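Presented sequentially are two complexes of chain A, the first with chain B as partner and the second with chain C.
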Partner chain A sequence: MTATTYESGARAFVRLYSALFRLAIIEQFQYRAANYFYMIGMVTEPIIYLVVWSTVAEARGGDVGGLTPGAFAAYYIVWTLVRNMNIVFTPFGWEQRIREGQLSGQLVRPLHPIHYDIGYFAGWKIVVIVLWIPLAIVLSLIFQPELDPTVIQAAAFFVAIWGAYLIRTLLLWMLGMVTFWTTRITAAFEVFFAAELLLSGRLVPMRLMPDWVQTVAGYLPFESTFGFPITALVGPVTNEELIRGLLTQALWIGIGVAGVSIMWRRAVRNYTAVSG
Partner chain B sequence: MRLALTFLRINVMNELQYRANFFLQVLESVVALATGLIVLSLIFAQTDALDGWTRPQLLAVLGVFTMVGGVIKFAIEPNMARIMSDIREGTFDYVLTKPVDSQLFVSVRQFRLWQLTDVIVGAAVVVWAVVTSDGSEQGSVTGGGVALGFFVSLFAGSLMIYCVWLILTTGAFWFVRMEMLEELFTGLYRAGQYPVGIYPGWLRAALTFLIPIGFAVTVPSEALTGRLTWSRLALAVGFVVLLMAVTRTVWSWGVRNYSGASA
Partner chain C sequence: MVITVEQLNKTFEVPERDPGLKAAFSSLFNRKTRSVEAVADVNFSVAKGEIVGFLGPNGAGKTTTLKMLSGLLHPTSGRVEVLGHVPNKREREYLSRMTLVMGNRNQLQWDLPALDSFELTRAIYRLQEGAFLEQRDELIELLDLADLVNKPVRQLSLGERMKAEIANSLLHRPAVLFLDEPTLGLDVTMQRRIRGFLADYNARHGASIMLTSHYMADIEALCHRVIVIHEGQLLFDGALSALSQRFAAQKTIVVTLAEPADLGAYGEVVDESPTTVTLRVSRDDTAAVTGRLLAEQPVSDLTVVDPPIDDVIESVFEAGA
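== the complex of A and B ==
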């Protein structure tokens, strides 16, 4: 490969991503009402957790494991943004992609199809974040979060939410690609999502979990996609923990990229064999 | 009533063809229940009572929540989804040509049989909770009244959810795109997993009268845990009668407004 083709390759890459960004922003902004309703439905989940744990904290005279109602409020309000960053192409969608032949079209495109998903959903996130801001303000006025991040924490949070987005995209791609071999996979999806709920920090801050659960979660990618970004902003967290968390995210991104490319290569071979 | 039974039979026969879905549904119910139980154990690792509700009492709430959720997914949600798709695609015309009452007809067309697993799982949890339960409050319903209060409020509560959902669905006559309604409702229903008393006042009011989860889940749970008073039960029954009248009015107003897709 000569230097010039490589350069234009990189430029094409940037062009593709910015086109997907624009497309997603324009498309999804049209559905702002639908996006909003979806968000309001979603917001009840953290409000429930927040109310329950605030009630427990008050019953114990002010805190649970060092978390006051204000700290819970901060945790679960930041939760709403992180939850939105966690929305990626669903593994349930693969069956449709394969059955309706959308995939065949994607195969002839010059770039790996995952780029189209990453680009499109990332553009959608911009719309989501814009719509999220007023919601966050209302929630903050109601629940009075104690949130006082340092500049370093805020910077780490900004990187971490996009890291979380990438990890979850890669994970769910791997899970979804199992559909190439069998379509009776819905049960596995259910179990995966339940494990994720419990071990990611989505249900409760991980430090309220028993020690052994925290140990198990340390070996799994879920906390990198949910609990870590929240803790990065809400604290309490040391700079060393922030660096370790970001490195862990990088590690999971590496594992995810490797896993997706290996599975994808095999899946495509399998796919052509079926239709051939 | 005969109409409902006929539709039910057709749907049952249809679903019996897909028995694999049954096991999937059982798994889903078990996963949901396990998650609920884990949350309860996390809460009660930290405290003895949540806003005065002890562990067996919250277990009863979880059971009722699962049961009513099963009823919603078995009978309410599939019918409402069908109404919306009919209005969007214009096939609602056929509903109006049927010689039966349109509100009755659209409410009993679709059933998802396997969702009844949630009702059974929920009922089992309720029984477990009642067996391990501890005493009742002064002035509350006791003895045979517990069963009466439980079933009456459970039935009334489910009817209320049906009414509110149908009223919102009627909105589809004006704003065709309403798919997010289901998403919104499922999201809000989750709040019923805990007694509405723990929520701040404004939210409690909304969850009682706007989205009647308070009546549908909390009141039957109160009956089970010896907290229900006769006056509260009467309030629930009165509210459901009122709500049904409102639903009826809104529905006929919506139907009049329907102009057909081909017009």
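== the complex of A and C ==
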């Protein structure tokens, strides 16, 4: 019997994520038409926000809270990319994952399943970004955004969209893992998504929200996943605010990693104790 | 021993409620559960290189036991040790040396060729290129997969997919294989090919295999030893041939006669043509009946056979019920 040889940690980690990226890219390019239609459907939401806020701005003499139609256009066009970066494994999918035995298949392999989700969905993002570029060009020609980021802003934006992706993955993993204890959790998911819609900057740029709402949002992770990455590119933003935003993202990633680790251990214990 | 199981128990708490609105309302405040003993005081061990058939009717506790052995379930009590590890700790070293193949589960990427999934498996198990390619190519050859691994998995037939699944599950060259209905739904040719492959893998690599199957042909072809479980309890653990001796109360005698004769007095006639009669007789009486037949009848040929293994298994379950 030939002894099987194993690769070391760092090299194995790079190979794992490369393999997952590759799988996702090949698979999602096969569905490029479906991905495109999905993205076009998704653009409807920000276009409605954009048209409403541009109309309000023009009715108010050119701006709302300092945001002109061009600034709104920039905000909501960048929104389309950030929204796509926010798409991760949904909490609603956990029940199916458990019921259909996919989780059992993952548990007998020597890999924490979150790596599979992070790697696979990250690979999908590469496809999304490639498909998004022509869409962004068309939207820019129609809505004429005011967008003039510095190199530092562009670099911070690049880091921030991946930070947002990680935070949302970790948050929704924690939310989805509640399924290990009860399957009657759909209503709680909806409450979470409603809070996220209001407090992330998805519905309205956070600077247009009342002060008390902005204060509450400051204690929650949602803005780090949506409003901050958009503002990082669109501005107005100082370098200090960029650093603070990125540090806040790092903090939420740390909290997310700790939360997922603790919940996962208990969830697996519960799963292996009761599943038939 | 590669696998050691001592006093293994698994009890599930199953929610229970009477039908009707009143019961639904009262269950809000008074949730009733019922304990279901899926596995009860099971003991066995498996040596290196052994292939063991794990038999039992649906709901007997086979899959629950395999799940405990593979670390998917915590035992309620008892001790399980596989390759020196406690499976439910799910240590990386343990998971890297075992595999669980379930006939109805899918690890391959549906839309991609199996070769792409093999690469992911390589990354998950951290296999070095040389060892991976050697094992991959060997599996492709043994399972006759060369023309299939470049096709998207969704285009493969059930049997082809199962072969690719098995190859994917063995790329890390596991020392212990838990196979739960690996030939489920496959045609006879494909079942035979997979059986041949498993025997070959066992011979080449000395892997220990525990196999559940509803197809007795799988068990007869691969397993010298069987463990029979029924309603969570171990009914039999021994050689497949000993199963018949212990549980088959009757034997079959096929008699070819030089001229037609009535053999009804020797036992139960189960089949009859002018010159060939098949008799069923009590196991204890077999020798005496055979002697009498040879002495008293114009016998030109006589064969004593055990009943088909399916019938034996059925009688085991009936005895255990």
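Heads up, the rule we're going with is that the second predicted complex is superposed on the first by the 268 of 276 C-alpha atoms of A that agree within 3 Å, B and C clash if a C-alpha of one lies under 4 Å from a C-alpha of the other, contacts with A are read in each partner's own complex, and residues count from 1 in each chain.
Definition applied: a contact is a pair of C-beta atoms (placed from the backbone, for glycine too) under 8 Å apart; a residue touches a chain by one contact, two chains touch by 3 or more.
Because the structure is a prediction, the values reported are computed rather than measured.
Asks: Which partner does A:243 reach: the first (chain B), the second (chain C), both, or neither?
Replies: In the superposed model, A:243 contacts neither chain B nor chain C.
Asks: With the two complexes superposed on chain A, say which partner A:137 touches: chain B (first), chain C (second), both, or neither.
Replies: A:137 contacts neither chain B nor chain C.
Asks: Which holds for A:101: it touches chain B only (first), chain C only (second), both, or neither?
Replies: second
Asks: A:257 in the overlay: touching chain B, chain C, both, or neither? Say first, second, both or neither.
Replies: It touches nothing on chain B or chain C.
Asks: Touch check for A:16: first (chain B), second (chain C), both, or neither?
Replies: second
Asks: Regarding the shared-chain residue A:191, is it in contact with chain B (first), chain C (second), both, or neither?
Replies: first
Asks: Is A:109 touching anything from chain B or chain C once the two structures are fitted on A? First, second, both or neither.
Replies: In the superposed model, A:109 contacts chain C only, not chain B.
Asks: Check the residue A:26 against both partner chains and state whether it touches chain B (first), chain C (second), both, or neither.
Replies: Only chain C; A:26 stays clear of chain B.
Asks: For chain A, which residues count as touching chain C in their complex?
Replies: Result: residues 1-2, 4-7, 12, 15-16, 18-20, 22-23, 26-27, 30, 101, 104-105, 107-111, 268-269, 272-276 of chain A touch chain C.
Asks: Where on chain B is chain A touching in the complex?
Replies: So the residues of chain B touching chain A come out as 20, 23-24, 27-28, 31, 34-35, 38-39, 42-43, 45-47, 49-51, 177, 179-181, 183-188, 190-191, 193-194, 198-200, 203.
Asks: Which residues of chain C touch chain A in their complex?
Replies: Within the complex, chain C touches chain A at residues 12-13, 38, 64, 67, 70-74, 88, 90, 92, 95-96, 98-100, 102, 104-107, 109, 111-112, 116-117, 119-120, 122-128, 130-131, 134-135, 172-173, 204-206.
Asks: Quick check: in the complex, which residue numbers of chain A touch chain B?
Replies: 33-34, 37-38, 40-45, 47-48, 51-52, 55-56, 59-60, 64-65, 142, 184, 186-187, 190-191, 194, 197-198, 203-204, 208-210
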